[in-house]
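Alright, structures below, take your time with them.
What follows is chain A paired twice: with chain B in the first complex and chain C in the second.
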Partner chain A sequence: MIDNRPGPLRHGLQTVLARAYPRVVGANREPSWVFFEVTLPLLATVALVMVYRALEAPARFEGYVILGGAMTAFWLNTIWNMAAQFRWEKENGNLELYLASPAGLMWILTGMALGGSFSTSLRAAAVITLGAVVFDVPFVWSGWPQALLILLITLSALYGVGMALSSLFLKFGRNAEQGISSLMEPVFLLSGAYFPVRALGLGAAVAGTLIPMTLGMDALRQVLLSGDAFELLAWPIEVLLLIVYAVVVMLIARWALKRMEHAAKVEGRLTLRWQ
Partner chain B sequence: MEAIRTEKVGRLFKARRGTKEVRALAEIDLIVPPGEIFGLLGPNGAGKTTLIKIFSTLLLPTEGKAYVLGYDVETQFRELRWHISMVSGGETSGYGLLTVREQLWMFSQFHGIPTKTARRRIDELLEVVGLTEWADTRIYNLSTGMRQKMNLVRSLLSDPEVLFLDEPTLGLDVEVARDVRGYLVEWMKEGERTILLTTHYMAEADQLCDQIAIIHLGRVLTVGTPEELKRQAGFRERYRIEVDGVADPALLRSFGPVDTVSMDGGARLTVTLDRERGSGELIRVVGDLAGVRSFTREEPSLEDAFIALTGRGLEDLPPQE
Partner chain C sequence: MLRGMAAAFRTGWAIETNWASPLVNAFFSLLRPVGATLILVFIYRVAAGESSDPVLLAWLIVGAALWAYVMSALQGISFAVQQEREWLKVLKYVVVTPLPFSAYLLARSGTWLVWGTIRAVFVILVTVPVLGLPISFGAVNWGELVGAMAMGLVALAGMGMGLAGIALGVARHPMGVGEGVIGVLYLISGAIFPIGQLPGWLEATARVIPLTYWLEACRQALITGYDPTRFGVGDPWSPLAWSGVIWLGVGLWAFRWFNHRARADGLYDRTTDY
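Showing the complex of A and B:
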């Protein structure tokens, strides 16, 4: 056994950096991801911008799409590279090794989130750049400091959701993957990814706030786009709600991971790779 | 304190949609002293892997208690995980895009090893298993044998007090398997360490293990040193005898101490004696019959003991449903 065992925080940070490493390094060693993860998704964003252009909508609507395109990248990352990732890790035998090590699952998932957000941030940056340079979206450049703050808090809440969903995988295995992937389209709708969420009506918009992306995007649009008359709540309130959301969802994720790990050990779902 | 102790451990996998209920383990009582290589020997489906997963905190027993280094695997697993490590045969863990060195560093961090210490140990261990020149090779370019050596290094980085090896030489060629076994023996000499090894290679268990538990259909049939197991099984000495002329097996069969005689080409005999009975008289009788060219005593193998205990060879036993 190693002589000097690190404290919990140091060990946690070691785990985060170690688990983030393959994602960051892997992204650099497999350049094809730029085509699949950045270029192709850009086309969908371009298509929706063209719809607004054809309708001669105000330029800020194109801004909605651009910001939506950036944020959905993070949502997809949450779904596929956080929650559903556990299945791949299990099939490869990594999950066993994670669990048999003294590293906590929350730290490992945080590492996944950090590593995943590296490439996702590039995609988001590409979308924003496209909007600013090619489509001349009128971003309010003075709003970027607030935007970064909102983005960080939104991502904390979003990846917290990913961690909680990961625990579902431990419980329900492959069935969870189908369930989780079925959340994609409803989330795009309820979060107002490509349109102001108030257009859904107040009731649906409030329901949409159960998804952190809804509040995050609404806040981002307020600080980065001028003339937005469709805000759900004032952005500082949305930021406060997101902070509360992030804390609550992280606590839920921590609790759920513990419970689900125990249940998986009882049911034998961690080790029976082919069942 | 024992390295591993179990008290009536059982494991039942409940029926799920499309599957039957499976009793994987029943009333397992084992004591593994520290400093030993302890083998679990049995056919596929015997319950070996289930037991090792319980010890490595990945599975809970449905009955009984299991302790590793005195830690209860059910309630003290977080502390226990600092003291153990594991490797499975055919393991494909890790990330193909990483190099060997990067992969090992990543896992070392999960065990809280400082990067500087980890790098030093990685270099030392890669040297020992002969992987130094592959250290900067990406994982997906490694052969099965190299990958398994890397997995072994991964498991040793944290210098575990108890190492669980689940079929560690499965699928390896003879030379690599011999290297792995050789290194394990050397590693054991370095300190107070314990290895729990599951295998269905008889020779591997015979060569490596201080004690062996033969396990079948979820139950421990017997435990002992390889020699004890052979004795427990009532093993009898076997001789191969080459004679100049064609001996008459019927004459040997009439000879008291001889239990079985088989003919091979008319000039070779296989004779099995009870351990207590002498071989000198056998030589004299055979010599009288037809001049002895060679006389070889065959050492008893663990397989002989296994067959005597289970009634069948390891490969012949059907896996548990």
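Showing the complex of A and C:
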């Protein structure tokens, strides 16, 4: 008898596509997201650029805000379109369907992340365009190939963090949502989203590298902005560290998801709403 | 009516805080405003370099601290509508109670006043000694501060009610509307940079918003050695009064209009899964 079932890799990729599809196609059916997800978040970025201008800082500091605004979009995608998603799926009654299906949780999360990346990438591109065209930030355009490499590796690490955090949301539900929501600005602070992370002091800057966005942004500033980038480490070293980080955090995520899924089943939290 | 409003306030407080103990609640509640303030502090330090302008830093910090009220009010009041309708699905029962719906909403989301105060006071209490800000509690003009806060918070409540009305009426993105309005106000109300930095048409818009004058009046009352002519707002009192009254009226009228429309179109129990 011929077994026509797809192999594990093909099955996983089909899962990714299946989960990404509603995010991409659904977004196009409701175009209002362009305003709410792309245009409105620009306002905070513009405000911080104006702060630097009010302080008469050199133009490259505006580049920090622009790159930070672009990268924080991916962080928010990681948290709200990925990590918190399982809790919302639980509220909607879809989580038990996911778990009863043969689709692996990590493939589902990857699909969520890739689908959410569609609108997030547009948002990041809008921020960069705003910076280049409206604020005339002096980007070093020859650095874009390295920047894309840095971005892809940073996103791999970020999405690994999202997968690991999704297990927390699965286990702790509402508490995790409140906690993570409260940590938005502290994460932006520790990762140096809008200023050189070295300004925090060496100890805090090193602690900030636990957030993959920190090393990613530091590397992006080195390749895309001219002048003293106040770098923490040379960008090739930061890229290597990010690769190691991505591998480690994916392994942690795989272990954590299995553990937390089992714990949630034992404690009866999988179908419990508003917890 | 007061008993009903007290019950609504207790409901809102419980919904917002029952996920953890009071201490844990307070800790996580303070993280965001403290983080946002510290971001501004480091931006200032990086941009200013060796030069020091404590009045400018105090101006930044006071704006960031008071912004906690704006976030809490505009998000809290409109978010209550979404919570009651979409998630808890009790809105249709609330509107048939004897308590007027507007009074219920104001009381239900009254936690914004409490949390806004806790956050603003905490940020200022911590930053004044740590950063050496020129804010001396013996030199604060308390009469002006209380007057400015009263007028500003009334205007904020009116704006919040207007947003709650919009949340009743829109099919999608009710939270996005609130966040969008907050983002626009953050940009044009002089919260973290002087309105003189804005293009002319935006600066003119900033001058009809009560928050611009509210922040300026509070800064004048709080900061020792503050030069009222430095940041380009001018005398804030009569603009705060008239703009506050106008925005309160507009907000309440908008809520009334959207509430009427929600009743007519059967929107009280609409769910959109947003």
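Throughout what follows, the second predicted complex is superposed on the first by the 267 of 275 C-alpha atoms of A that agree within 3 Å, B and C clash if a C-alpha of one lies under 4 Å from a C-alpha of the other, contacts with A are read in each partner's own complex, and residues count from 1 in each chain.
Following the convention adopted for this analysis, contacts are C-beta pairs under 8 Å (C-beta built on N, C-alpha and C of every residue); 3 or more make two chains touch, one makes a residue touch a chain.
Because the structure is a prediction, the values reported are computed rather than measured.
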Chain A superposed: clash or fit between chain B and chain C?
fit
Rounded to a multiple of 10, tell me what angle the C-alpha centres of chain B and chain C make at the one for chain A, in degrees.
90
After superposition on the shared chain, which partner residues are touched by A:Ala44: those of chain B (first), chain C (second), both, or neither?
second
Counting only touches as set out at the top, which of chain B and chain C does A:Glu30 meet: first, second, both, neither?
both
Which holds for A:Arg259: it touches chain B only (first), chain C only (second), both, or neither?
neither
For A:Asn92, is the partner it touches chain B (first), chain C (second), both, or none of the two (neither)?
both
Contacts of A:Leu200 with chain B and chain C, given as first, second, both or neither
second
For A:Thr15 in the superposed arrangement: first (chain B), second (chain C), both or neither?
first
Partner chain in contact with A:Leu183 - chain B first, chain C second, else both or neither:
second
Look across chain B and chain C in the superposition and give the shortest C-alpha distance you find, in Å.
8
Enumerate the residues of chain A that count as touching chain B in its complex and touching chain C in the other.
30, 92
Touching chain A in the complex, chain B uses residues 13-14, 16, 19, 49, 53, 56-60, 78, 81-86, 88, 91-95, 97-98, 102, 105-114, 117, 138, 158-161
Of all residues in chain C, which touch chain A in the complex?
19-20, 28-29, 31-36, 38-40, 42-48, 56, 60, 172-173, 176, 179-180, 183-184, 186-187, 191-194, 197-198, 273
Can you tell me which positions in chain A touch chain B when the two form their complex?
1-2, 4-6, 10-11, 14-15, 17-19, 21-22, 25-26, 29-30, 92-94, 96-103, 108, 262, 265-268, 270-271, 275
Taking the complex as given, what residues does chain A use to touch chain C?
30, 32, 35-36, 40-41, 43-44, 46-48, 50-57, 61, 92, 174-175, 178-179, 181-189, 193-196, 199-200
